[in-house]
Structure formats: C-alpha cells, structure tokens
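Two complexes, one shared chain (chain A), two partners (chain B, chain C).
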Partner chain A sequence: MKVRSLTRMEKYLLAIIAVYSVVVTIANPAFLTFETLLDMVRAASGTLILASGVLVVLISGGIDVSFTAIAIIGGYVSVRLMLSTGINSLLFASAISCLIGLACGLINALIIHCFHLPTLIATLGTSSVFYGVMTTFMGTKGVNASQMPSSMVDFGGCQLFVIPAKSGTTYGLTVFIIPVVIILIVTWFILYRTMLGRGIFALGNSEEAANRAGFNLLNIRLFIYSFMGVVAGIMGIVYVSEVRWVNPIALVGTELSIIASVVIGGAKLSGGEGTIFGTILGVLIIKLLNSTLVFLGLSSSWNDFFIGIILIASVAVTSYQARLKNRRDLIFTE
Partner chain B sequence: MKVILKLFGKDSDLSVLSVITVCTFVVLILILGDKFFSLNNLQSLAYQIPEFGFLALAMMLAMLTGGIDLSIVTNACLSGIIGAYFLTGAVFPLNSPAATSAAIVIAVITILAISIICGTLNGILIAKFSVPPILATLGTMILFSGIGMAITSGKGVVGFPEAFMKFGSGSVLNIPYIFILFVLAVIVMSILLSRTRFGKKIYLFGENFTALRFTGVNTERLIIAVYTIAGFLAGFAGIIIISRVNSARVGYGDTYLLQAILVAVLGGVDPYGGRGRIAGVMLGMCILQILQSAFTLFSFTPYTKRLVWGFILLLVMIINFIIEKRRTSAPKAAIKA
Partner chain C sequence: MVMYSYLGQEAVTRLNQQACKSARDFLREVPRVEIFIEVHSVSGKYLQIPEGRLSILMDRTIVSANNITKSFVSVRALDNVSVSINRGEIRCLAGENGSGKSTFVKVVAGVLAPDSGEIVVNNNSYPKLTPIGAINEGIQVIYQDLSLFPHMTVAENIAMNKMVAVHKRLVNWDEVYRVAEEQLELIGHLLDLKAQVGTLSVGNRQIVAICRALSLNAKVLFMDEPTTALTQKEIDRLLSIVMDLKAKGLSIIFISHKLNEIFEVADYITIFRDGKKVGDFENKALDKKSLTYHMTGREVEYPRYRRVSNDDLPLLEVRNLTRNGNYKNISFKLQKGDILGITGIRGSGRSELALSLFGLNPPNSGEILVKGRPFNIKIPDDAVNQGIVLMPEDRQTEGLFLKKSLKENISSTILDRIKTKAGFIDRKKQEEIAAGSVKKLKIRTQSVDTLVRNLSGGNQQKTVLAKWVATGPELFILDSPTVGVDIGSKAEIYELIHRFASEGMGIILISDELEEILANCNKVLVMYAGEILEILTEKDLDKPDVGEHILAVMSRSRIVDSAEKFKNGEAIPR
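Let's turn to the complex of A and B:
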C-alpha cells in the first residue's frame, strides 16, 4: 500500500501540536509523561468515535447536529432497559443503542432527501424532536453509579495493559481504543476503498454531478446518516461506561465543538474534502487544549476562546486557498 | 376586503401563514378563554417579543442571502457582558446621577459598537475569505462565547442602576418601551428590504450571487453590510436581554438560536436564499410567541417545548417544500450548501 504524503492542513496541525507540546512541557515538565498520553487517549476516545461519523457527513457536504442527542438517547435508553429487564449484557446494550441510532439516522436521511431541506436546519429540528421525545416520555431522572449495570462498569474500567505509577496507583491503556480503532478503520475503508465512498465524495463536490453520474443519492444519504446514527449509538455506550453514571441531559450541546474539531482537521463543507488523519489531529488539538490549559496557568474558561480562534484561522486559511485557486481558474461560484 | 384578497393571491405563503395564525388564536382562545386574552397576558407578550424579535430579524437577513448566522446569540451575550461592566461601575464609579447616566449612554454605545464589530468580522470572513457562512459563524459563535467566558469565568455581571432597568421594564400607555423600539426596527427593516436598492440586491444575491456579481454589483461589500446589520440587530437584543434579566452572563438566550431559525422559516424565508418577507416573519413570531405563552399556561417542561419547536420546524419546512413543488412542478435544481 502506498502511503500518501500529508496534506498541507495536516502538516500545519502537526506543527501546532508539536510547538504547543514543547511550550507546555517547558512551562510544566509534569506534562510530558506516558500517563498523560494514555489519559488523553481515554478522554479523546468518545469524541474520536463521533468525529469519524461527522467526517463522513461533512465530506458529503452536509452537517448533522443531532448526533449528541442520538448518543445520549442510545446510552440512556439502553441502561434503563438493562435495569428494567435485568439483562446485564454489554452486547444487548450496544445492540439497542445502535438500533436507536440507526432508526434516528434513517429518519434524518429520509427527511433531508425527500424534502430537499438544508441539512443543518433539518437535523436541528430532528435533534430537538428525538431529544424531546426521550425526555418527555422517559423523564430526565439520572442513573447513579451504584445502580449502573455491572457489565458496563467493568467495561469502563477495563484496561488493555496496566503500568504501576510512581505514586503507587496504576494507569493503563483503556479498552475503548478497540472500538475507536475499528470505527476509524471501517470509516477509512468505506471512504477510500468502496464505490459508496466515491459516491459520498461525489455528493459533497456537486450533488447535481453525482446524480448525473448515476449515483443513487437516496442510498448514499441513507448510508451517511445511518452511519452517523450507529456511530453515535456506540459512542453513547462508551460514554456511559466511561463516566459510570447517566445524566440524560449530558452531552447535548457539545455537538458544535465536535464538528469544530473535525473542521479544524481539514474537512471542508463545500468541497468533498477531508481525511481521517486530519480528523484525528483536529480532535487531538481540542483535547490537548482542554486538558493542558491548566498547565499554562489558564482556567478552563479559556477553552472556547482558543478553540474559536483555531477554528476561524483554519477555515479562513483553507477557504482562502480555495478562493485563490478558483479565482485563477476564473470560477466565481462562492 | 378586496385589497386583502389581492394581497393573499399575490403571496400564497403569507396567506397560509395568516390562516394558521388566526387558527392558533381561535383554538387557544377557545381552550384558555379569558386567561389568554387578558391585558396582562398581552402585555407580557409585548415584553417577551422584542428580545428575540431582534434576533429573528438578524437571522432572517442572513438567510435571505442564502447564508445563516449562528453567532447572533453569543454576539448579543458578549456585547451585553462588555457593556455591563460600565453599568456596574467596574470601569468608573457611579457615585453621582450624572455619572450614572453617562455610564448608561457609554454602555449602550459600547454594546452596539461591539456587536457591529462582531458582525463585520463575520462579513469579512464570509466575503473576503469565502468561508461558508455556516462555518464562519460557527467559528465566531464559539469565539464570542469563549471571549465572554474568558472575561467573566462564567460568572454573571450583576448590579445595574435603576434607570437602566426601567428601559427593560418601563412602558408608556401600557406599551413597553422595548416593544416600541422593536416596532421601529421592523419598520426600518421592511423599508430597507422592500424600498431600497440595497434590499433588492439582498434578494438578488440570495437568488443567484454569481449572476449578481457579473451585473457589476460589489457583492463582497454587500455581504459585509448584511452581516454587520445582523450583528447590529443582535446588539439591540443584547441590550434588551441584560436590562430585562438585570445581569449579563454567558449562556443567556441559548434557546433563541433554534427559535430564531424557526421563526424565519415559519415566516416563509427560504433557507436557500432569495425569498421571504418581514410581514411573514412577524406573523411567524406571533404564532411562536402565542404558543410560547400557551405552553406556559399549560405548564409544559422546557424539554416538551423543544420537542414541539423541533416538530413545528420540520413540519413547516416540509409543507413549504410541498407547496413549492406543486407550484413549480419542476424540482428545484440548484442546491447550495
């Protein structure tokens, strides 16, 4: 397999991560340890799962803001079902959560395709409906740690290997890395090695052209949004296993920062562009900022400020390059 | 009567909407009776409409060009927070009546100035860097709330002078000041959109911006102006929100984003740009606000409200699509992101 060279955006991101890590290490040498790295992997795993779904949606030229609602619905409903039926199996929970995700995703796709609605507004509407249905009919009562099914708690605490830390405690690599890697590989395979992936890129570049080239847009959209839904369902399970209790009003409201990290990673809403590696880097940058601002002596209140600046800078740079190229080719369609 | 019929014939969206408005009114009056039609309830409507009415106008303006402005709510919050520091005496002490009135004037000017700067930033990103409006305003939305968080650390800015709170709560002849201000803004906006060349260009841009560019219109300046005005309108919303709540904090008005989009779409604004009228948006706002107060009387939870808003949003968009399709039989070809 030929390894492609890095895109320009990925090089920028790598440089930013490297420089930033050096700065943080100088400010606080406690940062550069293996433990911090493994902690970051754990913190980023849920976001990475969602980000791979968001990447597919963005490449297709759409935007989906309903996935956090789907994730928390999947997690909450499956935990409540496990408690009421007494089935203490992770597989059962995952199946329920994925089914919910699949159903919600199909609804999104049908609404977007059949009525030609702008994806942002359509998913804004469906996310309110999904979330409203759950909170209205199932309530917003949390499930606390002592009630949580043991299979989930075990899954959340499971580690692939354990290293004793100097302070006497231990740390290790979280088992969440397995679903993350599987989903990333599946996403990569679908996007770059299948006809379906070609169709997703084609749809993102030009809907009209994709249609005339003979792609079945309905099928492609059904896939894109149900993929997003299923991925969100998996993330819901990972999330509740990680925090070990369920607060049904968590997660919702974080969708824009996850979209932001994918966009920072170089996915373009208007051109069928985006890479998996870029997405991973984008998520890493956001997580790095989240967890290391404290090392620099800034409170977590500064998070959004830096995320906003990086996001604006990255979209401005990529859009401006595309604009210059378009002007050279005498294209004035933006 | 003939005039009304003629008006309806000209614009089917508007007539459908008027019928819906009247129906909601009638149903609610039948269910709730006097409780709904009381002076008290109408007056509370007049207090609630302006703050998000300004946001809806801003959203409408952006949507007419085929774009969207996600940053209006955080723009209102940020400018409100910065203005609030003048009102609490954090910048200079408010030890005399003259200082207090000076602080109010400076605060209002600051709020409007900040909101204009924020709006212009959006415009420059979209026009000069060709960033898609969704992404540009998503970025500035996060940035504005980030600046607000960094300044306040998430805490509220409280303790405004009496005189400033009067602006939000005072009224003349039972009509709140803020409602009069809002009506003035609506009149100015509708003249701007329907009677000036600037307004015409906005609609044309939404129809086909490439064509407009080649007719010799400076589309970049137009877009910067549109988002600047949207920011300016958000600034008014910021003033009204902080004077009604009597404090300023990141996160105020978060639910207004969904509602502003809902009102614009409900009022017949085409999210792909080029179509939509102030009158429609006003009717949409009436429906939303009437339902809102009805929900309060029914004591719905905020989650149920969100469910209903989302459902109405989807329903209206779907109905609009079906009407549009029946009118033009040919499917809409050009799809913009």
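Let's turn to the complex of A and C:
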C-alpha cells in the first residue's frame, strides 16, 4: 500500500497533540507514562468504534444522531435477554446487539431514501422511536454489577498483556483494542478499496452526479446506515462490558460530541471528505483533554468548554481558508 | 483509418447477427454509404462469404429519434420531432430557451421517457431508453453542470463511471490511473491525475468530463452549453478537441447560444422552436440572420444605442485606479445616459474592476469620484447608498434566491422601503412593486409568486435587473448580462438597458461579446492584462470597421498573452 501524505488537518492535529502532551508533561510528569497511554486506549475504544460509523455517514453527506440510542438499546436488550434466557455467551450478546443495530440502520436508510428526508431530521425522529419502543417493551430498569452476566464482565476486564505497576496494582492493554482495530481496518478497506466505498464518497460529493454515474443510491444508503447500526451494536456490547452495569439512559445525548470529534478530525458536514487517520486523531484529542485536565489541576467541568473551543477553532480555520481562497478567485460569499 | 476499422468491426458483427438471412438480403436492407471491409474468413451455418474484399453498404445514421412527442403537465415540450444523427458529424442544436432542446437531449439520453415515438440507435429500436441503456449504446451526455465529484481526484472522476458500468466491486487504483491517463492522452491533454477536481478551472473540468464520457466508449456525445463559463482560450481549446473527436469518428451534438461557435464547428444545424423542429440545415446554408430568424420566428435586430441626455456632469470618474495583480492605472469618466462598455477577455481585469467599483475587491491606489466628489467605497453598502449597483455575472449563485418567489427576489433590495411601522413587510406594497416590475421589464411569469428557479434564463436575468432597478440606481454595472440568455430575451434586455440609459441612468456594461458591446455602448474601453489598451468614443464606434478593429486588438492581445505565458513557463496547463 502506498502511504499517502497527511492532510493539512491531520498535520494540525498531530501538532496540537504533540504540543499539548509536552505542556501537560511539564506541568505534571506523571502524565507521560505507558499506563496513561493504555488507559487512554481503553477510554477511547467505544468512541473510536462509533466514530468509524459516523465517519462513513458524514462522508456520504449525511448525519446520524440515532447511533447512541441504537448502541444502548443493543447493549441493554442483549443483557436483559442473556439474563432471561440464561445464555451466558458474549457471542450471543454480540449477535443480538448487531442484529438490532442492523435492523435500526436499515429502517433509517429506508426512511431517508424513500421520503427524501434530511438525514438529521430522519434520525432524530427514529432515535426517539427506537428508544421509545425499547423503554415501552423492556422498561428502564437498570442492571447492576452483581447481576451482570459473567461473560461480559470477563470480556470487560480482559487484557491482552498485563504489567505490574509500582503501586502494587497492575495495568494492561484492553482486549477492546481488537474490535477497534478490526472495525477501523474494515472501514478503511470499504472506503478506499471497494466501489461501494467510492460510491459513498461520490454520494457525499454530489448526489446528482452519483446517480448519473450509475451508482445504486438505495443500496449505498442501506449500507451506510446499517453499517452505522452494526458498529453501534458492537459498541453497545463493549460499553456495557466496560462499565459492568447497564443504565438504559446512558450514552444517549453524547452523540453530538462523537460527531464533533469526527468533524475535528477533518470530516466535512457537507460530505465527500474525511479520513480514518483524521478521525482517530480527532477522537484522541478529545480523550486526551478528557483525561489530562486533571493533570493540569483543572476540574473535569472544563471538559466541554475545551472541546467546544477546539471544535469551533478547527471548523473556523478550514472555513477561513476556504474564504481566503474564494476571495482570491473573486468569489464573495459573505 | 479509425473510421474504417470501427465500422468494419461493426459490420462483421452485424453480418454474424444476420447470419440467418442471406447476405443479399442484408445488403439490400442497409443502403446509403458504401464502405469496404477486408474479410478473412466469415462462415456460419447459413452464411458463407469467401475471403477477399467485400463491398457492403452501411447505414450512416447512428441515432435517429423518430416522431418524438413529450408533454409536461400542460406544455408540449416536444411535438412530433424527428432528428437523425450521422456518424462522425457535429450537429448543433439551436433554439431559444424552452424550445425543447434540453428535453430532446434528455429523451435520447434515457432520462425522460417520450409519450410517443421511437429512438433507433445502432439499428436497435426503443420506444424509450433508460439511462443505462443509452450508455450501453454509446450515448453520453455532458450536462451543463458537468456532474463531477469536486473532492475526488481527476483520475477517479474520469474512471469512476466506467468502473460502475462494468460492475466492479473492488477498486483497482492502478487501473483507475491507467484509464484516466489513456483518455487524457487520447485527447492530447495534460492534467495532474491526483489534483482534486474542485481546484481545477472550469475549462479543465470540462476536459475531465469529456474524458469520462470517452472512457465509456462514447459514440455519440451530447454537450449542453459547454462553453458558457469558459475563457476564450479555453473555448478555442475545447472546440479544437471537439473537431478532433469528430475526426476520430465520434458524433457530437453541440448545444450553444453562441452563434459564432455554432458556425465554427457545425456540419449540420438542427433548429428548434416552441417544441417543434424548424428544420435541419447545412452549416453553409445559414448565416447569423437566417439562423436567428428560424430560432425566433421573427427578425431580431439589435439597434445601436445613441445617447440623448445632455447633462454632462460626470456621474463617475475613476483616476489611476490600481489593484495589484488585477488591473492598473484605470482612468475613465462616465456621464448620465452613458453606456460604457468594458470589453476584454476573461482575466483582463474587467470583472475585477467592476467588483472594486461596487466595494468588493478594494483597490490599492487611485481615486473614485462620484458626482465629482471623491468617495471611498469600502463595502457594497457604501456603493448602494451612492446609487451604484452591480449585477454579477453568475446570476444563479450571486444574483438570485432561486428557491424564493419572484416578488421576494424583487423586493429583497428594498426591504427598508416596504416595511410597515411595526417593522413587518408590507405584503401589499411588496406585491405592487413586483407586479409593476413584471410589467415594466416584461418578465414572463405566471404570477409574482412563481419561484425564480422555475423561470427561464432570460426571465431570471430580467428578475435580477428588476431587483436592482427597484432601488432606483444612478449607476448600474452589468457584468455579462446575457450569458446563457437566448436571442429573443437578449433583444429585450438590450431594449431595457437602452431605456434605463435614456432615462438618465449611467451604465457600465462588461462583456466579451462584440455584438453586445457594439449594439449597446456609446463608449468602449478595451482592456487587456489589467490595462486599458484603447478607449473608443462614439465617433470611433461609428466607423464601419470598428468591429474588426476591436477584434484585432483583442486577438493581438491573445497572441501576446500566450507568448507571455510561454515565457513564464505556464504553457502546460495544470
């Protein structure tokens, strides 16, 4: 594989991460340890999984806000089913969760395609519907740690390798890295190595042109939203395994911050642009802030503040550059 | 040579297809053009042809649309139209907006299904084509919007449609680059395969679109107003590519409003009017006048403008205006009732100058005097307050709210004037003003509530005019006011411009169409590379050879231009 050069956004992000890490390390040398790194990988796993799906949706020129609902529905329903059927198998849970995600995604795609709805409105609607159906039929009773199926708890605690820490405890690399890496590779492969992926880019560039080129837009949309649904389903399992209890109202409401991290990573809300590496950097930068404000002696309530600043700055920078370029071409858009 | 083998191959295929008939029947069936094919061994159950030279007669027609009728709700867009297209010819479709040209193209491309009639392609008859069916028969359309993917590379844009057409599942990037390179080589043009299409000039985008069409083995290529947004140099290049493709045996259907282009490339001209075909003409059988007559159904004359105002106070005076990199040392005076033409090729600084007078693109030095007083125009608001308005070249993106109604568009510049005491819009007043403008400017529309995007190009342009005239301007800058406007509407727009000027408005008319400049202006600046090369007065414009003179100045510039580019090492376009 030929290695492409980094996009401008990716370079900015890498620079920011580097500078920020140096600052934090100077402020608090405890930051620069292997343990912090592995900790961040664990914290970023779920977001990275969702972000791959979000990236695909954004590249297609759409926006999906129902994926957090799908993720928690997948996690919650599969745990409840495990408890009621007594099947204590991670595979079973994953299958259930993925199927739920697939079904929800297909519904999203059909609604968007058949009624020509703006994707934001459509998924805003379906996320309430999905969530409403779940709470109506399954209730909103939480599942506490002691009730959690052992297969999930084991999965959540499993580590690929373990290193003893000085304090006597141990730390290691979470097993979540496996689904994360697989999903990232699959996403990359689909986007850059299949005609389906190029169709997704084409759709995001210009729906009309994609249609005239002979792409089957229904199939492409079915794929995009069911892919989003399935990765949301996987994330649901990873999430409940990680926290080891299920609160059916968790996750919902965090969708915009995940979309924000993908946008920070260089994906355009107008579609047609976005890279996997940028997405990874976008997620990392947010997680880095999340976990390092403590090192700087700031309370975690500063979190949203900084994320907002970065989001606005990153979007403003690209838009300003576009404006400068337009001015050079004598196009006045403001 | 290409023609020979291409037709030969097809004839052999056809011979095989017809194997059940006797060779004699086959030969009788398709008369018209005699071609020779070299047969080495053709044999089948019922057909045996000895080796040697065989003379067969082959049909010249590649596509014929017979008796096509297509109606939309209440309008008959095409009325029993028959057109046949021969191999290796350039056929221009001429007609005013709404005459049925675009509908015809869409029917042949399979985008629209005709109500009746048939389309015969390569001797296969279809009551209606599908888009894929048309592509498989070798019909390609390059739409006006080009349908490219701006964030994708040149290579991918060229190869994408082909990959889709052959039902690829995986992307083979080497193949993508190979296909793109082949096609670019075919038309003898260099482009950076990895450049994003969105960063290319419109002319180069056009070339990408042509390559894409060719990659799908196009035999018939429709081009819908391909030159509208191109510079003169790009137009020349495009037309030479078109001629090249014709020499390679391609049939090209060329749609343009520019009559001189039509005469430059066409073998045949098919004229449409009001959904009917007026006729097919050989290029030589027509001249501008007769072509115009057939298109509009009447004599269209562009009368010369004569200034009548005798108020000689300069409305606008520009002294040594310079904007680095755009234009330098521009000086001129404009009086009431003047129509000042600024002409020059695209990039000569004409549009850049206009933007500066309107408060965009601020100049670096020099003076602008409005009614004798120096005035610093920093933002468009300043200009509008001084009674200066600008009609931009690109009406679709810069001049109109396409998805809003006619009345909302017209009143968009005068909201302050039509507001009630409570600050709401006075709907009655809005409607009155709109209705007045519609009448005054002869905008053809069903009502003032019609969405602007549903109007024809000419009427859209009149709407932009109406919008600014509503503010009661003293100086009106018009940048290429008739781009993409048909001949009939053009005459009406000229008439309006003359009337405004006669009523005392000062007008700056920017255009690269000589005819437009000569018909409308009583003073002309010829610009080149940011400088005024010549100022022509009313007296100069009265000379009989003034048209040739302006052209000579402009074409001399063109040679200088390419020589300069060559010196700077810019000869190879990106």
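Throughout what follows, the second predicted complex is superposed on the first by the 320 of 334 C-alpha atoms of A that agree within 3 Å, B and C clash if a C-alpha of one lies under 4 Å from a C-alpha of the other, contacts with A are read in each partner's own complex, and residues count from 1 in each chain.
Heads up, the rule we're going with is that a residue touches a chain if its C-beta (ideal position, glycine included) is under 8 Å from a C-beta of that chain, and two chains touch if they have at least 3 such contacts.
On a predicted model such as this, the values are computed, not experimentally measured, just so you know.
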item	value
Combined model on chain A where chain B meets chain C, clash or fit	clash
Touching partner for A:M195 - first (chain B), second (chain C), both, neither	second
Residue contacts with chain A in the superposition, chain B compared against chain C	B
Partner chain(s) touched by A:V181 [first = chain B, second = chain C, both, neither]	neither
First, second, both or neither for A:E273, with chain B first and chain C second	second
Touching partner for A:R323 - first (chain B), second (chain C), both, neither	first
Partner chain(s) touched by A:A122 [first = chain B, second = chain C, both, neither]	first
Partner chain(s) touched by A:A15 [first = chain B, second = chain C, both, neither]	neither
Touched partner set for A:E208, first chain B, second chain C, both or neither	both
Clash with chain B (superposed arrangement) - responsible stretch of chain C out of 132-140, 420-428 or 528-536	420-428
Intersection of chain A interface sets (partners chain B, chain C)	208, 332
Touch list for chain C against partner chain A, complex	131-132, 135, 143, 145, 147-152, 156, 160-161, 163-165, 168-171, 351-352, 355, 360-361, 398
For the chain B and chain A complex, residues of the former touching the latter	68, 125, 129-132, 134-136, 138-147, 149-150, 152-154, 210, 213-214, 258, 261, 265, 271-272, 301, 303-311, 313-314, 317-318, 321-322, 331-335, 337
Chain C partner contacts - residues on chain A that touch it in the complex	192-199, 201-202, 204-206, 208-210, 212-215, 272-273, 330, 332
Chain B-facing residues of chain A, complex	61, 63, 111, 115-118, 120-122, 124-129, 131-133, 135-136, 140, 207-208, 256-257, 259-260, 263, 269-270, 299, 301-309, 311-312, 315-316, 319-320, 322-323, 326, 332-334
